[in-house]
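Here come two complexes built around chain A, the first alongside chain B, the second alongside chain C.
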Partner chain A sequence: MSLLKLDQISITYGRAVAVKGLSIHVDEGEFVSLIGHNGVGKSSTVKAIAGVVRPTSGSIWFKDRDITQMDSGDILRMGIAVVPEGRHIFTRLTVRENLVVGATISRDRSANLKNLDSMIDRFPVLGKYSSRMAGLLSGGEQQQLAIARALMSSPTMLLLDEPSLGLAPLIVQQVFDLLKELNEQGVSILLIEQNAAQAIIASDRYYVMRTGGVISTEARGGDQVDVAKIEADYLNFGTV
Partner chain B sequence: MNDRVSAWSRWVFLALPLIIPLIVITVLIAVTNDISLVQRASTAMILMVMVVGLHIFSGNSGVISFGSVAFAMIAAYTSALLTIPVEQKPSLFPDMPGFLSWIVEFSLPVPAGIVVAVLFTGVVAVIVGVPLVRLSGLSAGIATLAFLVVVQVVVTKWKAVTRGESTMVGVPKEATLWWALAGVVLAIAVAALFQVSRNGRRLIATREDDKASMSIGISIPKERLVGWTLSCMVAATGGALYGHYISTFSATTFGFALTFFIVAMLVIGGMGSLTGAVVGVLVVQVLSEFFRTLETQGLGPIPIIDFPGLTEMVLALILLIVLIVRPSGITGGTEVADWFARRKSPESSAS
Partner chain C sequence: MYLQYVVDAIGTGSLYALMTLGLALVFSVMGLMNFAYGQLVMIGGFSIIMLRQQPWWAIILGTILVVVIASLLMERLAFRPVRAATAMTMLITSFALAQFLQQAARVAFGANPRPLEQFSELSVQYVVGDLFISRQTIITVVVAISIMLALTLLLKKTNIGIQLRASTEDVDMARLVGIKSNRVIASAFVISGVIAAIVSMLFFATRTNVSWSSGESIVLIAFVGAVIGGLGSMVGAALGGFLMGFAYTLLNALLPLELRVFADAFLYTIVIVVLLIRPSGLIAAKGARV
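The block that comes next holds the complex of A and B.
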């Protein structure tokens, strides 16, 4: 049974079609990536799942409930946390404050503080700089903060929009390793990426999106995948 | 636990560096016993209450409001109506409409009048705020300005209750320098408390990045409404104090001129910080008193500069320069506490 299921989703902005008839699913505990070039509708897909834009047709299901028309706050409460593209941390709040506001949906103070402590355990760099303005962190540290902030709501599923954007390859590797580790601890992950090779290796399964959101490929990810071949395929799809 | 301790210490570091110098300055001014100096200081501090009030909403949400003076006006009139001595009321308000006739029959002590006026203004703020907080940018500016005009028109036209264009008289003149100081201390304490509170941090988060705050489940209208209401109530405190300080006022007292002054003070000081609100009032008030003195009586060896409107022109010029050269204001949106923090931890260079 799927945890998250997109059923024939279409998204249009005025007359422009961003996504057309997209169907994907993520099972419980799975690490799935959705890869594709610029402008194929990846970010629109993220926004639709997060409840920021409404699909024009199709439905989105999470934990067997139809969340297509739900507000973003309620979707978050149901357990989908989003790490938005470009990180969007609060640069002029301190690292600690960024984490504290991340726990907005929960009123349980002591649980939130416990959660905060566990984030600082998991991300030592955030503990080290906890009272520093978040804007002063390096790109990789900011990405860790964005992920930690999303985790503050104790989600069942993490939805990441291009976490590798603007990061050095070595840092990207660290971020993906972190995602893998989180996944092993039970968080389901849907990773939206342009950085195909690294995303595919990290994930259990992957989809390739083409212009208009049509799925071209669904395949198994993991270490044993022939990355060169995928990249060749991927490039072919991108240049249609 | 840790979080709560750090919030309290942040509150102390935020508020005390502003409150202590203000107390010291006030005591020094009181000691001089110079009437005109005491007057100027009292006015400045009452204005500061309103500016701090405006900062609570505009500074933390990043949404400009031109409406805070409207709430100051509502509170000033409410408190006046409640506190004018019973003997004078029938002659001042002969046409008081039936449903308000109870107002004529009693009179409250001034502090109680101020408290009731502030609470009443808070209720008005919630009602007006529900639609207003959904706006931002230019539309928020226009809508809040429109509200100011609405209140002005109501106050000028509702003669039976507000005495219309005639001046409100008979308002107990009880507010002094010490009342003004108490008002400022309270305003700063409340503003600082809000800034370190969970609601305050969420509102700042919406200012910093609205998309990210939505992604973590922050309701922007809800957080803005909390800040808006608190902001209007603090501005109302300033308005009520002002009423009891000058004791005769009319709708024009709380008009565009005062609005311009208050917004200019906040922008010049730095909208993003509480320190900016305080610094802005001090800088603008000292400068405008300086030029006003030049205009009317000359200063020591400097003769009278007979140039009506000099003060306003200089202020406008300063506002323009600040907007061009340093759009985030004199303080650049930082607090006194930040300056200390930066100096204390030299190892905190960006990595």
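The block that comes next holds the complex of A and C.
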């Protein structure tokens, strides 16, 4: 049974078609990547799942419920937490306040505090700088904060848009390791990435997205995959 | 002698700082420059007139209640429907609302200013050395500082305060973490309303009448204060408003008698100079938009 299912969704802005007839799915506990070049509609797809933009046609299902027309808050309450492109941490809030805001949907104060402690255990750097303005953190630290903030809502599924963007290679590796670890602990993951090689290695399954949202392949991920070959194919797909 | 002017200027500055804060708070949360804010102060003025015979605590509570309800109604009926529209649409909505409320007050209370019986308790003067300090000035300064401290605590320590600040910075991300913008914006209007009510009490305590046009000058001062302070920054707003009041009082006191009628012209010349030097205000907030 699929946890998340996009069924033939299309997204248009005015006359511009961003995504056309996209169908993908993520099963419970799965780590799935959606790779593709800039401008193929990956971010639009993320926004549609998160309830920020409405698909012009098609439907999105999560836990067997149609979430196509739900608003962002309700989708989050259903269990999909978003780590958006560019991180979007609240720079003028402290690190701790960013985490507190992440738990907005839960009214259980003691559970939130416990959750906060466990985030600080998992991300020591966030504990160390907890009362510092989040804008002062380094890029890698901000990415950790963005992920930790998403985890504060205890989601079933993490939806990440280009978490590796703008990070040093070593830090990127740490982010992917973290995602794998979270996945092993039971969080389903849908990762949207331009960084195809590492995304494929980290994930159970991956999709390649082409201009207009057509899916070219659906294949198994993991470190046995011949990444060089896929990247070559994938580059071909990317040319418009 | 000069010190006396400074004392008076601090009193006026504190009042203007509060006025500016109420306007700047809503601006920073939803990018709306609410020109009908002055009419909230006017509504406060009329409610003081209606409640004038009541005990002092009833005047205070009643005025706060009336103005907060007016502020919430503004948000719900006028601004919520245009929230997704451009900043320009919201701005025009607020002008229209300001005009509507002024004319409504004119119909309801008449074109002539309504006399306001003075609060003689407030004009008591204390003598400190060579200085005369009125009870009114002391109350204004104490209330302004208390409100600013309370607002700071609210924004830093409460969940709704943290949500408010998060929405101020990045409203789209705030929605993605489940912050309900209706709730956050409504609470900004409640706070703005409480501040407008308190401003109206401090302001009209020194006036002899309330008129349908009483709000006009107030919103202009608050608007300019917010702009020189740096739009979107609370500290900047308080500072900008304070400096406006401070400069205005000093200009009125220190300009040669024949130039005093031009005090406003001098004040706004200073404002223009400040903005030429610092176009985004004294304390610029990141990503602020008009």
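Just so it is clear, the second predicted complex is superposed on the first by the 239 of 240 C-alpha atoms of A that agree within 3 Å, B and C clash if a C-alpha of one lies under 4 Å from a C-alpha of the other, contacts with A are read in each partner's own complex, and residues count from 1 in each chain.
Basically, a residue touches a chain if its C-beta (ideal position, glycine included) is under 8 Å from a C-beta of that chain, and two chains touch if they have at least 3 such contacts.
Here the structure is a predicted model, which is why all the values come from computation and not from measurement.
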item	value
Superposed partners chain B and chain C on chain A - clash or fit	clash
Partner chain(s) touched by A:220 [first = chain B, second = chain C, both, neither]	neither
Partner chain in contact with A:65 - chain B first, chain C second, else both or neither	neither
Greater residue coverage of chain A in the superposed arrangement, chain B or chain C	B
First, second, both or neither for A:54, with chain B first and chain C second	neither
Touching partner for A:97 - first (chain B), second (chain C), both, neither	both
First, second, both or neither for A:113, with chain B first and chain C second	first
Contacts of A:138 with chain B and chain C, given as first, second, both or neither	first
Overlapping contact positions on chain A, where the chain C interface meets the chain B interface	50, 52, 72-73, 76-77, 82, 84, 88, 90-93, 97, 100-102, 104-105, 149, 153
Touching residues on chain B, where the partner in the complex is chain A	1-3, 6, 198, 201-202, 204-205, 208-209, 211-219, 272, 333, 341, 348, 350-351
Parts of chain C lying in touch with chain A, wherever the complex brings them together	159, 162-163, 165-166, 168-170, 172-180, 286
Residues of chain A defined as touching chain C within the complex	50, 52, 71-73, 76-77, 82, 84, 88, 90-93, 97, 100-102, 104-105, 149, 153
Residues of chain A touching chain B in the complex	50, 52, 72-73, 76-77, 81-84, 88-93, 96-97, 100-102, 104-105, 113, 116, 129, 131-132, 136-138, 141, 149-150, 152-153
